[in-house]
Each structure stands twice: as C-alpha cells, then as structure tokens.
C-alpha cells in the first residue's frame, strides 16, 4: 500500500473554514457572501477530484499536523471511503446553497450570515471526519460538527426550535461524552493506538466481553447514526429550516455518525475480527435490524412529511450499519455505496418537502391531497427520490441495495436478507402513497389549492439536479462502485 | 545570572507589594504599575526557567548560600538553610501562576477602580502578596517554609475577600477558620515528619524517609502524612472541607475572585502532590491500601456533589465556585490513582484548570462589570450585548466540558485513562457526569442569553445595543480563552518534555 | 493478635511521653472550639489554643535533657572546637515556633478584625443568628 | 493548663474568657522557658499573653462581652467532640514511634541541628544560636514572617480602617454602639505609672534588639515590646495622644519600610554576586571579614524586623481598639 504525504487533505478541510470566515466578514453584502461559498465549494470539489485517481489506485494520502497525545496525533488520511463521503457532502453543498438562497432570501429570514457561517463550518467538520486518520481526530471533528450545527437547528429561535435544539445536544453530546469517549480511552489504554488500521488494533486474545462492551459503547456513542433507542434527536431536529434538514440531517450529520461506526468497525475492530467473532457481528446486525424495522413502522404512522422522512432516514442508516455488520465483501461494498445513493435520494426528498412548504405552506401529508397537479415538477422529483430510497431501478438506490442483499446471502446472518426485503416493502408503503395522494386524492383544503403554485426556479433547479443525479447514479454507478470496492478490498482481503 | 532566576520569581511580586504599599500613600496611581512590573519580571523568570528545566533538569537555589553541609554524625550532607527548587513538577505551575496573575492584574484594574472606588489603597499590594505567597508555595523546597508561604497567601486572601463588604466578612471569617485549621493540621503534620526525619528539606526528607521505613512502617510518618493531606484538603476545599469556598469566592469582589479562584486551590493541590510524590513516594502511596480507596471515593463525591450543586444554583459566580469544587475532585482523584496516566492527568489538569478557571472568572467578571450581577435570569440577550465576552465564555465552558481540542479534553482523557487502568469505574462515571452537567449549564445559559430574546436582527424586534466590556478587560479574557485552545494543542509537547519527567521514576515503563 | 505485653508497652509509653498526651489534649480542645463553638470570638480563642498546642508540641520534640539555653558561653566563643552539642537546647525548633507564634498572632488579628465587622452588621457574634440574619 | 484552656472556652462572659486566655498563655511561656526555649518564651510572653490578649479585649470592648447562648446544638457539639477525640487518639497512636522525651540523640536533635551549634560562631560570630538560625540560616523564613506581620497589618487596615473612613457619615445611622466615652482623669495612677514605665520599656526593647546577638532576644521580641509600650501608652492615655506623635500615614509607612529594609539587604547580596540573603558577600561594604559581615547583616535585618513588628502591633491595636475610626477606643 503506497502512502503519499500531502498537505492537500488539510487544505480541503480548511477551504470551507476560510469560506466561513469570509462569510462572517462579508455578511453585509449577500451576493459577495454567497459567491464566496460557491467558490469555496468549487475549489474543494476540484481538490477532492484531484485526489481521486491515486486513491482509486489503492494509494493513501496522509498528513499529521501535530501530535496531541503520545502516539496519537491530529492526523488525516484519505482513503476511498473517506473520499467518497467527502465528495458526496461537498457536491451536495452546492445545490443546497442554491436552495437556501431560494428559501431564505424571499422570506427575509434573519441571521442569514450566521446560517451560512455555521453551514460552512459544519461542512468542514464533516470532511474532517471523513479524512480522520485516527479515532481522536475523528472525535474532535465529530464534536465540532455537533456544536456547529446547534445554531442551525435552533435557527428559528422559537420554543419548538429551542426544545428541538436541547434534545439534539442532549443526545449527541451526552452519548458521545458518556459512551464514545470512555470507549475510546479504554481502547487507547488497552492498545496504546487509535489509528484506523486495516484489520483492527486489538491484539488477538483480547477478551470478548471487553470487545462486546466496547462495541456497544461505540454503536450507541455515535448517536448521529440514529441507532435506537438513541434516535429521538433526529425527528426533533426537524424544526430546522429545510436546507439544514436536507444537507445535514440527510447527508452530513447522520452520515458522519454512520461513517464513524464504519470506521470503528473496520479500522478499530477490523472486519476479520467481526467475521470471526460471531457475537460481535450478531450484535451489530441485531441492533441495526431492529432499528431498521421499527423505524420503518414508525415512519408509516407519521403525518408530518419531515418526520416521516426523518424516520425513514433512521431506517436507511441502519441499512449501512447492517451492511458492515455482515462483515462480507459485498456487504461492505453495499454499505459504502449506500452512503451516496441514500444521500442523493434523501436530499431530493427533503428539498421537495421544503419546496412543498414554500409552494403551499403544507407541512402535513394530509394537507397536500390533490395538490400535486399544481406543482408537478416538485412532485415528480419527490417520486424519483422515493424510488431511490426504496431501491427500485432506474435509480442509484437499487445498486446499493443489490450489493447489500448479496452480502447478506454471503454472510452467516442470512436472516438479514429477509429484513432488507421487508424494510424495502415498508419503504415503498410509506413513500408511494404520498405521491399517489398528491396527484389523485380529492383536495381537502380548497383555500390552499388556489394559492398553491410551483416554487421559484432557485428552489426548483436544485431539485432537478439532485433527482437527475439519482437516475444518473444508476447508469453510471461504475465510478462509485470503484470507490466502494477499493475500500472493501482493502479491509476484507485476507 | 540565570542561577538567580528562582528567587526572582518570588522577589518580583514581594518587592512590588512593598513598593505598592509605599506608593499607596504618595502616588496611588503608581501602585498598579509597580505590581504589573513585579509580576512581569516574575513571569519572565518563570518562563525562562521552564526552558532551563526542560533542558537541564531541576534547578536548586540555596538562600543565603546555606547549601549541603557535612554533618559529622551523618553519612550524607544535609541542607542547613532553606532551599527553593524548580523542577519538572512545579515549573509549569510557576509559569501558569505568574502568567495568570499578570493577566489578571491587567484585567482587574478597571474592576478595582469601579468596585472598590476609594478603598483600593492596599489592594494592589495585597494582590501581589497573594501571588508571592502562591508562587512561594509552588517553588519552595522546605516544608516549613511552605507553611509560611501558605499563611502569606491565606492572610492576603482573607483581606482580598473581605473587600467585598456585606456578606463577604462572614464568608472570609469562615474561610479564616477553615484555612487556619488546614494550616495548623499541616504544621502539626510537619512536626510528625520532623520528629522522625530531623530535617525540613524536601529533598533530604525524600532521601531518608525510605531508610526510616526500612524496619517496618512508621506510625509517626503515617500520622504526619495523613495530617498534611488533611491540611491540604482543607486548603483546597476538597470534599468534605469545601463549605467555605462558594460563599468566599462569590461574595468577594470580582477582582479578588478572579485571581483567587484559579490559583489558590490549584496551588494547594500542588502542595499535596509535592508531599505525596517527593517527600513520600509513589510506593508509599500505593502501600496505603486503606486510604487510597477512601480518597478516591471522596474525589468522586466531590465531583458529584459539585456538579449537583452547580445545577441548583442561579448565580453564575456560585455555579463557577461549585465547578472549582468538582475540579479539585478531578485532581485529587487523579493524584490518588497513583498510576502513570492518572498522575499525568492530575499534573496537566493543574495547569489546565488554572487557565480554565481563570478564563471563566474573567468572562464572568466582564458580565458582572456590565450587567451589575450574574443571576442567570439577568443574562437575557447577553450574547448580543457582549458577543466577544460570550464567545470567550463559550470556549471556556467547552474546555470545562472537555470538548476537543481544548485543554480540558486532554486532562479528562488522561484522568479517565488512569481510572480505567486502575479499574476505578466510579471515578470514570463521576468525570463523565460532571462533563454532562457542565454541558447542561452551558446550554441553559445559551438558551437564556441567546434564544430567550426576540432576535434583534429581525425587523420589528427591539434592538439590543452592544455593550462590551472595556478593552483592558476584554483582551485578557479573550487571550485566556485562546490560551485554552493553545494549551490543548500543546499537550503532547508539555507531557513529553516536562510532565513525563515529573512522574516518579518508579512509574517509568 | 492480642499481645498483653504490647498493651503494657503502650501504657508505659503513654506515661513516659505524658507531655505529648497533654499537648494532644490541648490541640484537640482548640480544634473542637474552632469547629463546634458558635461564638466567633470563642472560635478565635480556640484557634489560638490550637496553635499554642502545636507550638508546645514542637518545643517538646526539640527538648533535650540537661541542656542549657542555646546561647554559647564566652569560653566556647573563643574556642569553637570545645562546643559540646548536647549542652545546648535545640535552636531550630525554637525559631520555627517563633515564626509560628507571629503567624498565629497575625491570623488572630485578622480574625478579630473580621469578627468586628461581622458584629457591626449583625450585632451578634453567634453564628446561627448571623446565618438567620443573612437569609432574611 | 488544660484547665485554663477549658475555662477560657466555657466562660460565658467573653471578657473573662479573654483574661483567662491571657493567663493560659502566660503559663505556657513559663513551661517553654523551662524547656530551654527562652526566646520562644520571651516572645510568647509579649505576644501571646500581652498583645493577643489586648487584641481580644479591645475587640470585645468595641462590641459586646455578653454571649447569647442558644438552646440546641448540643448534638453538633457532641458530634464534633467525638470526631476530635478520634483525631486525638489517632495522633496518640504515633506515640510508640516517638523517640524518648528529651533524648539528645533523637533525629530532631541530631540531624541538622549540631551543625548550627558547632558552626554558628565560625560562620557568623553570633553566640545566640536562635538569632543566627533565625536571621541567617533560615533567614528567608524570617523575611516571610515579617511579611506575614506586614500583611496582617495592611489586611486589618483594609478591613477596618478604609471601610470606616469612607462610611463615616452613615456610622451613627447604622446604630453602632459607640464606645463609652473615656475619661482620662479616671486613671491618674495608671497614667503616671505608665509615664514612668514606658521609657524603661523602650530602652529595654532597644537593648533586646541590639543585644540579640548575645542574649535572648532579637527583632521580634524587641519589636513586640516596643509595640507594647506604645500600646500601653494608648491604653493609659488615649489613642489621640498616641496619634499626635505617630500619624497614621507614618505608622503605615514604617510598617512597610521594615520589610523593605529586610528585602533590600537580601537584594543587595544578589547585586554583590551572592545568593539572596547571603550576607557574607557584603564584606566588601561592611567592616570585618565574611563572618563579621554576616553578623552585621543579621543586625540590619533584625532592625527591619523590629520596625515592622513594632509598628504593626501598634497599628493593629489602634484599628482593633477604635474599630478603624482612629479616634478613641480602649
């Protein structure tokens, strides 16, 4: 495995922080401010893509900024999975910014500068997590993400926002401090090493009980992944403005949770250890499986569009965890692939929810009966997004779910196959009726019907981009597959 | 001249205090610059010594030149005078104490001029004397000399607290009783060590105490040890001797509290560490199988109790005082874990907590300066009135919670690692609990100070005018908050070059 | 393991070191007064008693049988080789205690000053009454 | 003695308690003198039995001597009693480990102390071992101890005087019991007696300081006696009489100057190239050889100590006795 020492990963992380500073300084001129963001996003994307060829060759970019603790430093490493995740986050940052401008500006929302500032910081933190070379660095950026998204969640500053924000922090900070931190310290104390290592850091012969305890602490400690019972923050955080829910709570924040778990499972425990220790693998799969099914069932009962999406997200995250928990090559590939696939699908859905709210002021599914014809483009995008999340062709979701299903058949946990299928059915059951009712049900609210109209282009264009991407990802899934495969091979090659 | 540096650390504030006391009668305006000068000299010397010690090891200084003398009846030479020592254990603390004192002196000027208008004749002198006492405790290599310095620090702090008028007198009196009790217990403990050891020099004691123990444990040394530890606990407000602290620091003038709160307890913890590690030894501590668990349970109790009471308070200063009590629990616990990470954590936290508490009290002082008081309910909209102060406050709280990469995270890291290594899980739980409690308090303050008011940027909402603290207060506060991050990033360097060498050799891997 | 000789040893020791027993009793009286007395002045007196107890303790440990005041006589001043160490009482403990006495009186003074201030506010020296006043 | 301690704590009248406490201190200093600790006894007689008692009495004079006893609280007292008894037992548990009482070969007497006894003359030309150890071998302690007195003085001044000076106008409104007016003619005998005694006391005190090298005494003892003489003056005449001679400002300045003298002597040693307080290095500016220079250095710092202690005691007394008003009092 070839290692390239390069400062580029740090630059990539810093670009959006610099953008954040500029945003804060130039807050008085909104156009300049947002130009900065786009420039930063473009630079960032360019830098990321420049790393791609080498990473796909199986090389690693590494850089250690400084040593924080003996043997553990503030260090970055770019591998296929990290790069994939960073690419997804940054590329979705651009349409989301467009969308934010479309949403916030007409409403003359307060504190837009603050909004964009913390948004940029959050992106930096998410990319920081993606590039972390060890658990400590990951933890630092994980916490930075929690803190920087708090002002975004409470952006509206009404009672609901405060309550949601309180829940958000209680869950995220509480679990990370009370579970993930001590688990990390115990790992350090046991092994003296926190680097993500292929094959794990534990010496053979570490007691299984300890491993089980640590595993559970990590799984629940990274509560951003939304494993039940530490999932309640996500529906609570839906009080945030739509772009926040879209980018952060469908992509950046939740995926950071899942990503952290993947890193811990592959880099600290090691896939081999999981595969060879049935109890560990089973714990991951059972916890994820339960969350998967229960979250889907709850989603069925939600009338609020964003809550339904939130529960759907909780379920989909567990797909990824379950995929890694299977500890097979195609399982890991599927899990890695599901990160971008679900991201594109879910962001489309969230943006649609925001657009619907803008179009007719509706927050509940029962309020949009029959209104779909007034804004067909929005609802079409919603349909494509649903297909992607359910996992039907011709959308990208199909590809990732395919690998997940194959993975479950390869593994010792074949019952997971049934779980995947059941859940996909449930997904269909809670998404498709929305589309159906929007177009074909009798309108319940005629007053709303008259006012409803297609939202402005600044809102629609991002929708178009993301939903088109969902379809494109199906046809051009090869590139993404390369990323996922490189990562999976690195960790499962015996 | 570098060999004179250790004494310069003490003389700076001491002479400054005397000059300030003169100036108080002739040119009151001059007394503050004198103190600043003295503290700056002291800080410069301490800083220089950090590098000297990191490179060249411990520096000993014999006052009056009375160093090692051969005594006919003894095999080895003894120090007959008083020695002051700068070694790996105290050099960081010295730099921290003098540095924080210097910043606080700059910071406190405005507060003193307004809070104590017309009464500040001796404030500067007492301030410098307090710092001289604290530095003396940290630097001295003689257990009796330590007692005298302890009294210097204590007497000046009683006076500094009593400047607060009103309830501060009773608070100061209670502190005086507890403080004197602590000092007396300490002095008595010295007696018990002296009766067996026959010398007061710390280095000589550390050499002969093991030989005295050769024929089985000595009860007198044990009693002396317990007395000294109890005395130090009373001084540092360790549970269950913590009763005096919250009132004393809350009713003291903000200017006094901002120098007392960060430094006084830390220095007492250092005194405990010095006695535990240098006079006695790590093996001795680990041999005390009866006391070690008690000390650890008490630390846990201190942390839990401090956290609990900080939740029930409505006054910001009071909350901060209970933080101090739980932080003391951190350090005592870390010291009594008596393993490598635990001690590293305790030593690192000594410096980190001094900086954190200082930043916290500075931020609170800025708030008090502008808002008049620090009841939680008065904080509405404070984030808009004083954005910079509150940014510093949030950073400080983040450090106290233990958010990386601030210094609070790393001390917690080592402490938890030490507790895990020793299997003391209740201590781990207490550390985590206290982090969570601090997080709750931080976000309660953010809610009140930020979210509870209509956002002024929205049209139609009343504007909240900026009313930031004066620059002479703001800059030290911001500097201190940034220092917390810098300290966190420098952890590895500090631990590798200094703290690791302060650990007893018996713990080397 | 109960050993009767050990018990009698302890007794003998108590008698032989009767001084120390007195010292400890004095110190404990002082400590008790500092903590249990409610009157501020009594607390101060207790503090002073505790301190004198400690001073007595130090002087006791430095005592030598048949030793003189630690001032060298004219004869030995001129012949410094003729000094017999055991002839002179221990100067070290004495100067330590000189310091302790002065520190003690300084503390006492500050304590009394604070007590005066407290009295000015509350017209009482009784701790409980002061606390009640403060709660009002 | 234990009895005296108990009585002074159990007496209901605070004035009585203070007087009994004075008697207790006096007995204590007799015991010390018996143990060969003349200097300690000397100091305790002046400080413990004298000045401390005066401090307590003047505080009581300014406030109230009656003690209000309240019912209840016995359980608490008993509890503390149990704790204290246990602590005492714990202390006594170390008795078996002690060297015999009065053993000249105990570690305390045989480790570093012989050095002082054998070398004091050669090192410093000072036959009074207490003085040489106090001001030279452990001179730093003494500097700090002087500082402690200085701190106590300015602390009390800050607490009582500055406060009061500011709120002079509200004083009567606050309803402070103003002390009974003092009638000088009451005590003609006392006045005449003290007028006669005071010069002798002061002369003696100066002797004590200056002759501290050769006989019991030194800066502390002399300073305290000088202070006591002035306090006596204040008691027998009144504070105003004293303040006519020693103004507030000069008192406070003199307190600081004593410390300054001591610290400056130490600093001079540093500038001459020695360690702090290494008086021997001063031989180039002081007459005599190194040992003589030490002897002179000791004298200088003893004078510093004397000045600080004397004026501190006076200033503390004035503050305590007049409750910081500096007009009249005990």
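The chains carry the letters A, B, C and D, assigned in the order they are written, with residues numbered from 1 in each.
Simple rule for what comes next: a contact is a pair of C-beta atoms (placed from the backbone, for glycine too) under 8 Å apart; a residue touches a chain by one contact, two chains touch by 3 or more.
Everything numeric here is computed off the predicted structure, so don't read it as measured data.
Q: If we look at chain A and chain B, which chains touch each of them?
A: Under the touch definition, chain A and chain B have no mutual neighbours whatsoever.
Q: Which chain is most central here if centres come from C-alpha coordinates alone?
A: The most central chain, going by mean C-alpha position, is B.
Q: Does C-D or B-C have more contacting C-beta pairs?
A: C-D
Q: Quick one: report the Å distance separating chain C from chain D, using the average Cα coordinate of each chain.
A: 15
Q: With chain centres taken as the means of their Cα atoms, state the distance from chain A to chain D in Å.
A: Each chain's C-alpha centroid was found; their separation is 74 Å.
Q: Rounded to a whole Å, what is the gap between the Cα centroids of chain B and chain C?
A: Those two chain centres are 29 Å apart.
Q: At what distance in angstrom does the C-alpha mean of chain D lie from that of chain B?
A: 30
Q: Can you list the chain C residues in contact with two or more other chains?
A: In chain C, 27, 31, 35, 61, 93, 96, 99, 103, 106-107, 110, 114-115, 117 touch at least two other chains.
Q: When you check chain B against every other chain, which residues touch at least two of them?
A: If we look for residues of chain B contacting two or more partner chains, we find 144, 148, 151, 155, 158-159, 162, 169, 188, 194-195.
Q: Name the graph shape formed by the protein chains and their touching pairs; answer line, ring, star, complete or other.
A: Graph shape here is other: it fits none of the named patterns.
Q: Go ahead and list every pair of chains that touch.
A: A-B, B-C, B-D, C-D
Q: In their shared complex, at which residues does chain B touch chain C?
A: Touch list, chain B to chain C: 144, 148, 151, 154-155, 158-159, 162, 166-167, 169-170, 172-173, 176-177, 180-181, 184, 187-188, 191, 194-195.
Q: Over in the complex, which chain A residues touch chain B? Could you list them?
A: Those residues of chain A that touch chain B are 66-70, 73-74, 108, 110-111, 136, 139-140, 143, 147, 154, 157, 161-162, 165-166, 169-170, 173-174, 177-178, 181-182, 185-186, 188-189.
Q: Which bits of chain D are touching chain B when the two form their complex?
A: Counting only chain D, the residues touching chain B are 90-91, 93-94, 96-99, 106-116, 119, 136-141, 144-145, 147-148, 150-152, 154-159, 162-163, 166, 249, 252-253, 256-257, 259-260, 263, 266-267, 270, 274-281.
Q: Along chain C, where are the residues that touch chain B in the complex?
A: 27, 31, 34-35, 40, 43, 47, 50-51, 54, 57-58, 61, 93, 96, 99-100, 103, 106-107, 110-111, 114-115, 117-118, 121, 130, 134
Q: What residues of chain D sit close enough to touch chain C in their complex?
A: Where chain D meets chain C, its residues are 1-2, 5-6, 8-9, 14, 17-18, 21, 24-25, 28, 31-32, 35-40, 43-44, 47-48, 51-52, 55-56, 59-60, 62-64, 67-68, 70, 73, 76-77, 80-81, 83-85, 87-88, 91-92, 95-96, 98, 100-104, 106, 108-109, 112-114, 116-122, 127-130, 132-134, 138, 141-142, 145, 148-149, 151-152, 155-156, 159-160, 163, 174, 176, 214-216, 220, 309, 316, 319-320, 323.
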